[in-house]
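Taking it in order: structure first as structure tokens, then the write-up.
In order of appearance the chains are A, B and C, and numbering begins at 1 in each one.
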Amino acid sequence: MWGCERDVRRSDGAGGRRPRRVPGFGPQVLCGPAQVMFLANPWTGAVFCLALCTADWRYGAYGLGGAALGTGTARLLGVARDRVETGLEGFNSCLVALCFAVLLGADRLSTVLLAAAGCVVVTVVTAAVVRLLGVWDLPSLTLPYCLLAGAVTVAAPGFRRIWPHGHSLAALPRAVSGPTALRPGDVGGAFFRNVSQVFFQDRWYVGALLLAGVFLASRVAGLVACCGSVTGILTAWALGAPAARIADGTMGYNAVLVALALCGVFLEATPATLLYALLGAATATALTPAVAALLAPSGGHAFTWPFVLTTFGFLAAVRSFPRLTGRGPGPGEAAPPWQVTAPTPSV
Amino acid sequence: MWGCERDVRRSDGAGGRRPRRVPGFGPQVLCGPAQVMFLANPWTGAVFCLALCTADWRYGAYGLGGAALGTGTARLLGVARDRVETGLEGFNSCLVALCFAVLLGADRLSTVLLAAAGCVVVTVVTAAVVRLLGVWDLPSLTLPYCLLAGAVTVAAPGFRRIWPHGHSLAALPRAVSGPTALRPGDVGGAFFRNVSQVFFQDRWYVGALLLAGVFLASRVAGLVACCGSVTGILTAWALGAPAARIADGTMGYNAVLVALALCGVFLEATPATLLYALLGAATATALTPAVAALLAPSGGHAFTWPFVLTTFGFLAAVRSFPRLTGRGPGPGEAAPPWQVTAPTPSV
Amino acid sequence: MWGCERDVRRSDGAGGRRPRRVPGFGPQVLCGPAQVMFLANPWTGAVFCLALCTADWRYGAYGLGGAALGTGTARLLGVARDRVETGLEGFNSCLVALCFAVLLGADRLSTVLLAAAGCVVVTVVTAAVVRLLGVWDLPSLTLPYCLLAGAVTVAAPGFRRIWPHGHSLAALPRAVSGPTALRPGDVGGAFFRNVSQVFFQDRWYVGALLLAGVFLASRVAGLVACCGSVTGILTAWALGAPAARIADGTMGYNAVLVALALCGVFLEATPATLLYALLGAATATALTPAVAALLAPSGGHAFTWPFVLTTFGFLAAVRSFPRLTGRGPGPGEAAPPWQVTAPTPSV
């Protein structure tokens, strides 16, 4: 199962073995939420939607509706079938719709319409990102979502029909204060909220359900996600982040995604890559306040930018480290990336 | 005529049929202002300069002088002839000089000298951008101008001889207020000002003259520009932008440029691409306050960043949508972009 | 000697003749500080460390320790030998450690640990940057250092164990004030401090020692560095920068680096390229307040961003100017950059 996802994701931008496709539009849509965690498994997607519904049924509806709209738009525009049928055209639109629901108010008609438009536009952005990053054989990850959701949340105070608050959230970043000592309850909560914050949820049981969904698809992936979450907590604590920010999961959700991406998805799961992935998870955790500080003066959010940037860096670097991947530059590797990784024409 | 421009612009970064060159240095310089709207037509350039002069003769002088200096520098440095002779080396320098005149004061000697230096440097920036974007077969658009003018306007408060104001314009972005209901007079003014703001002008008759210049070169281009302007107004109104910002054209000028670029210039003008171009125009309109908010804390301007970013995205994406361009991935398309689109060596 | 460095640096990302390697781990580490100025000379590196020690022995220790840790990490991960043995894996880590010492306090244990972690991570970032920029045949310069040091200094106020100050340094940029008339003493100090500020030092004799180290390796490089420093002073004065900012060297250190890079290192040293390099040096000087203003609202520093961005632009552009490099597009040049500049597989 886990091996299968790896192939599926590797087909995102690069060549690779023929991925196992999911038949039927319904299961393909359900793969959308699951692909947020790199899993092309409709059952996992169903569990993820259920987890969102336990927080608020409308979040589940936005997430599933977003995935459906993104997948449908991609089909209509004729995007390559292997992308559509493995949920790769549904996870960015799922996150975009969910993000708008959380930040702009799930009940407002303007949010529904804007989310629908966003799901169409993010399909175009995804195609662009896949092509631009194809030069380096890098996957698109959640970059399309970060770009679109970032633009809309920064632009929103400029539009009176969209913005639900009376004032802008833009502010100069300040030095943090507050205690840094973690209590056991903080640690337990942070462990699960590091997973739930990927979907903008701050309740620990949502994270627990999401993690169960990951284990359902792959035990290795579940363990790696746990390692990533623990690394995020440890790094944030060691650097002196406030306990409140660790406990609510906003410091560590990027670490979970980086660990998954670098150990088992885009690199094989070995002890060496696990260490590399946890170095990446620690880097993403340290990077999180930097992204937040860079975007704060314009009222922006960090979203999954730390994960995206860290994973791009660590994936681009890995070919220069033959001792890490356990092989020298063989004949296949010897060719420059733009020759071995030509995207198939229709991607 | 319109088909001719398309070739000319396609030669910007990509291969293509042999473009029709404009003979003589004078007409080549006049093509500079026209190329801001993707038109390699000296008569259109003359009308554009006339339009600038109706606002203020000095703006016309800056615009034409900038185009001449940029074209001359490119000749001196030995830039490929097909770029120089079609005005592609003149439109960024035209905009740079004009932008300095408007923002730093047209009457000051320091502005004249800075504009001259800027026209030389933007030629280097243009060559760099053409080469960097050539990897993806993307045109350079007004990115060189956005980079240089953006850098100078952000840096200007740090130099006492350049900055005409006593204080910096840097501020945190605020949520907009003011009425959103559009009156008929607002709509009419916005329609023309969406064109004139491309050249930093806020008088409706400047926009009307510019639009006449576009129609002079190509009726299709003129109609597409009108569609883009209307889409910009509709999108801004639907999202709830303040009526005052719609009426002065600052919300919609990027929509005009995006519509032109995506329908007739870099993609063939068909009903499908018109829809695609108007989706792009709407996206650029929504993006405009985002760019403004991102740059406001450092005192920057949006310039044509929304146009540039949106057009890059929609052009990079279009190959993944075979149903849009009406053809499957044929033998020519099957080759990865870096093989079919090798820039000619001298570009 | 100077020609040798050029080869060494050209091997950074591109092909080229076989560089002369420095034997032994100690001399390789000493090449790290020297490579900040593009010099693969262990004696120069020793002089640079001595110069740092005259300011504060701890700065010398951080700089040398950083270079050692970066070089060692790269060896451990199996980075290509020609990069390790010429100091190219040591100069970014040298600057990272030094920057942390200056900005976060050299005496604190947290700074030591963070610098050590930073030196490991910057090796990964360097590998990523080399691969990403390899598409355009561009060298990595100090981009890895700028990225990592920039991220950490922006993130630092978010971590209580790292941040030594009680408040954030984030602020909106303001228009400068203060006299712009330079006194002779200002000019002399600025001339040397333009060199010392590359290593965060503001004492003139540190700059004098550094310059002596450059002359020790190459007389041409020393003269070019002097020209760059003078250009930086002249440009800043002509644009009206405050005399105090010119005198402390913060306006001109990027000009020195740009001049070195564009005349003798990545382009051959000829009268034409000297002019081109000094145009680049002036551009970088004008760009410096822009970068500072862009990063000020998030509490960031300019580091060597102006140098990196300017050099990338001027290097990417240079192939379009056959008159500058004194040759037409020959058969070697005719191939698109991604074919002639394939990085060797293990780089």
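Rule of thumb we're sticking to: contacts are C-beta pairs under 8 Å (C-beta built on N, C-alpha and C of every residue); 3 or more make two chains touch, one makes a residue touch a chain.
No experiment lies behind these values; they were computed from the predicted model shown.
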**Prompt:** How is the touch graph of the chains shaped: line, ring, star, complete or other?
**Reply:** complete
**Message:** For the two copies chain C and chain A, is the contact made of the same residues on each side, with over half of the numbers shared, or of different residues?
**Reply:** different
**Item:** Turn needed to bring chain B onto chain C - CA fit, degrees, nearest 5
**Value:** 120
**Fill in**
Taking each chain's centre as the mean of its CA atoms, chain A sits from chain C at a distance in Å of 34
**Item:** chain C residues counted as touching two or more neighbouring chains
**Value:** 135, 172, 297, 338
**Item:** Residues of chain B defined as touching chain A within the complex
**Value:** 135-136, 172-177, 180, 238-242, 279, 282-283, 286-290, 292-294, 296-297, 312-324, 328-329, 333-338
**Message:** If we count contacts the way the header does, which residues on chain C are in touch with chain A in the complex?
**Reply:** 76-80, 110, 117, 120-121, 124-128, 130-132, 134-135, 150-152, 154-155, 157-163, 165-168, 170-172, 297-300, 338, 342-343, 345-347
